[in-house]
Amino acid sequence: MSDRYQKGIEKLKIMNPDSYKTLEENLEDIAPDMARYVAEFAYGDIYSRSELDMKTRELVTIASITTLGSAQPQLKSHIHGALNVGCTPEEIIEVIMQMAVYAGFPKALNGIFSAKEVFEERDEKIGNSE
Amino acid sequence: MSDRYQKGIEKLKIMNPDSYKTLEENLEDIAPDMARYVAEFAYGDIYSRSELDMKTRELVTIASITTLGSAQPQLKSHIHGALNVGCTPEEIIEVIMQMAVYAGFPKALNGIFSAKEVFEERDEKIGNSE
Amino acid sequence: MSDRYQKGIEKLKIMNPDSYKTLEENLEDIAPDMARYVAEFAYGDIYSRSELDMKTRELVTIASITTLGSAQPQLKSHIHGALNVGCTPEEIIEVIMQMAVYAGFPKALNGIFSAKEVFEERDEKIGNSE
Amino acid sequence: MSDRYQKGIEKLKIMNPDSYKTLEENLEDIAPDMARYVAEFAYGDIYSRSELDMKTRELVTIASITTLGSAQPQLKSHIHGALNVGCTPEEIIEVIMQMAVYAGFPKALNGIFSAKEVFEERDEKIGNSE
Amino acid sequence: MSDRYQKGIEKLKIMNPDSYKTLEENLEDIAPDMARYVAEFAYGDIYSRSELDMKTRELVTIASITTLGSAQPQLKSHIHGALNVGCTPEEIIEVIMQMAVYAGFPKALNGIFSAKEVFEERDEKIGNSE
Amino acid sequence: MSDRYQKGIEKLKIMNPDSYKTLEENLEDIAPDMARYVAEFAYGDIYSRSELDMKTRELVTIASITTLGSAQPQLKSHIHGALNVGCTPEEIIEVIMQMAVYAGFPKALNGIFSAKEVFEERDEKIGNSE
């Protein structure tokens, strides 16, 4: 395994070990290299760079996937990631709400509903997250 | 003028007074209410909320507009905004680069080229921005 | 509550009171301000303007959300709205079909299937809608 | 030439003869069938259907292309078309403004700027369009 | 029935007779002309042209729908079509993986998961597809 | 430099050495790592895989970028790439025309116009490309 893979897996341990494990399992019979590229490129190359802290990285990713509008599993996975690195539910909701201005209300609303599902799974409460 | 408008204009004075002035002028003969909605809703309602600091608000907006891929004037305007509230060129480039993972390389590359134009207009230099 | 909110709620009473009630309930624990912005900005500011009649407003919204392609709950909500303000099922289908030219066949087809679900819920029949 | 082509060309004579002529010329050396498909499918099949009047067809198209965000030449062509079939500049601007709610402010703003260019080319004035 | 319809149906018999039958049934009460346009325009006009072989046509369609990101039923239908005209599961997965570069990882991953569902329905196995 | 970078550069020498050189120069002062990621990930990891031939890889990329609709510089770069690896202008136009079905006519038309610019730069002629 490459250094980039190891670096990516280290990041993923902090950010979202469960999502990556699920991804790896879902891809192992069909496109195992794709899981490897996620670890190597997304986490080993990009998330491992020092120019941004982990919380900012997850919030801008949430903004991007909310704007895509059609990738709810990945949005939920990164909402988990954001909570794992210390973002509050309030911050996450706030980023998604702001997307109403740039990506339109429908995508922002569907983003909020994805966040709601994640918070319920984790029993996170808005206004109660410290 | 509404309170929300006043609040929005206050925010805009800090974030991006020049862009808003240009917007107002461009819209005055054709859709002046649209400029007002930008001040009232985007800045008076959303950017005035206390849950996120200004730098994070600009960075997630840059992520969103890079992901849209087709709104280069607004992307450039928010890159100006991000610099105005204290983001470094490095942080801005880093957010846009991360979009390669979520929105694909073409949109990330075009986002970087928009940033390059803004930095050149302002004579900002990467690695030299303090 | 603001005038804009009252004006928005008046519009919503005509256009789509059930959808808004559901939206408000879904958002109340997580992002109640978002429901308020929908009433204030979308309905109080935009839909309350006099330049377009309600039917045209709903048809252009259906065109836009079909083009987004990924916001089926909002599409269904506006198909309800269109029927509530007097659009016929035939007009709604016709707008969505036309989107094949501009947004491609997959989005148009998925839009038609959303309309089909709404018509079945309401027992509306194509060619039988008077 | 097929019936559908003739029917499409008849529609185009009313809606937008200049844009189609330009399209045909631009495509003649590279993809002449593509111009034929526009006449046959878009205008002969879709716009010739009786379920919607021409004005509504142009307004929903403007909504869709504004939402795409990246097809300014086609947006301008349909703003011409809308004016040709009797839509007022005010109605056109109103549809594009409404897109702020569904497609976000950047796409709506860029749509307005495209409309502004068209109105200037034709010397149409907002509030002065009768 | 037009020649184009007949030609389209001939293509569909080779490419994807089951998907088209389902589409026709789903549309018959609501938008039967839409099914006819799919046969006439997509298959009779476009897929019947001689410039590209059937396998390439299905692979570029899979690339496009993966990039749209929000039309999973149509993506699955064209993955069936690609297999029907002789593409291997490996080729299909490879096209979708390449989309990570152009459309981003979330859309590529969701495309792979759609392919996985299709392969499981048909009991196709990666590395075992001859 | 990594093996993946070397492998990517080897591919780029065959596919599109000029575009990559330009990209590298455009990024060198602002985001040099981004050029490296293009060589390493897009060309070293993805395009170097053996499951698809180079021509198919370029055609599916053209399908994807046409569908994005907003990345004309990258579309033109890959039209050059497609010609460099032996695709004919007719095949390229055919792929872009097919996108009318999936991504809508505006994006297909703008894709054709980008191809036209590339063919003119290279003095390629449709029907004259052998």
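Order of writing sets the labels: A, B, C, D, E and F. Residues in every chain begin at 1.
Methods note: a residue touches a chain if its C-beta (ideal position, glycine included) is under 8 Å from a C-beta of that chain, and two chains touch if they have at least 3 such contacts.
Owing to the predicted nature of the structure, the values given are computational and were not obtained by experimental measurement.
Counting steps between touching chains, the shortest path from subunit B to subunit F takes 1.
Should one ask which of B-E and A-E has more C-beta pairs in contact, the pair is A-E.
Among the remaining chains, B is positioned farthest from subunit E, on the basis of C-alpha centroids.
Averaged C-alpha coordinates give centres for subunit C and subunit F that are 39 Å from one another. Look at where the CA atoms of subunit C average out and do the same for subunit E: the two points lie 30 Å apart.
Here the CA centre of subunit B is 30 Å from the CA centre of subunit C.
Here the spacing of subunit C and subunit D, counted between their Cα centres, is 23 Å.
Multi-chain contact residues of subunit C, defined as those touching 2 or more other chains: 33, 37, 41-42, 49, 65, 68-70, 74, 93, 97, 100-106. Chain contacts here are complete: no pair of chains fails to touch. Within the complex formed with subunit B, the subunit D residues making contact are 68-70, 93, 96-97, 100, 104-110, 112-113, 115-116, 119, 126. On the side of subunit E, the complex with subunit B involves touching residues 100-106.
Partner subunit B is touched in their complex by these residues of subunit F: 23, 26-27, 29-31, 33-34, 37-38, 42, 65, 68-71, 73-74.
Within the complex formed with subunit B, the subunit C residues making contact are 33, 37, 41, 45, 49.
Of all residues in subunit D, only 41-42, 46-47, 49, 51-52, 56-57, 59-68, 90-91, 93-95, 97-103 touch subunit C in the complex they form.
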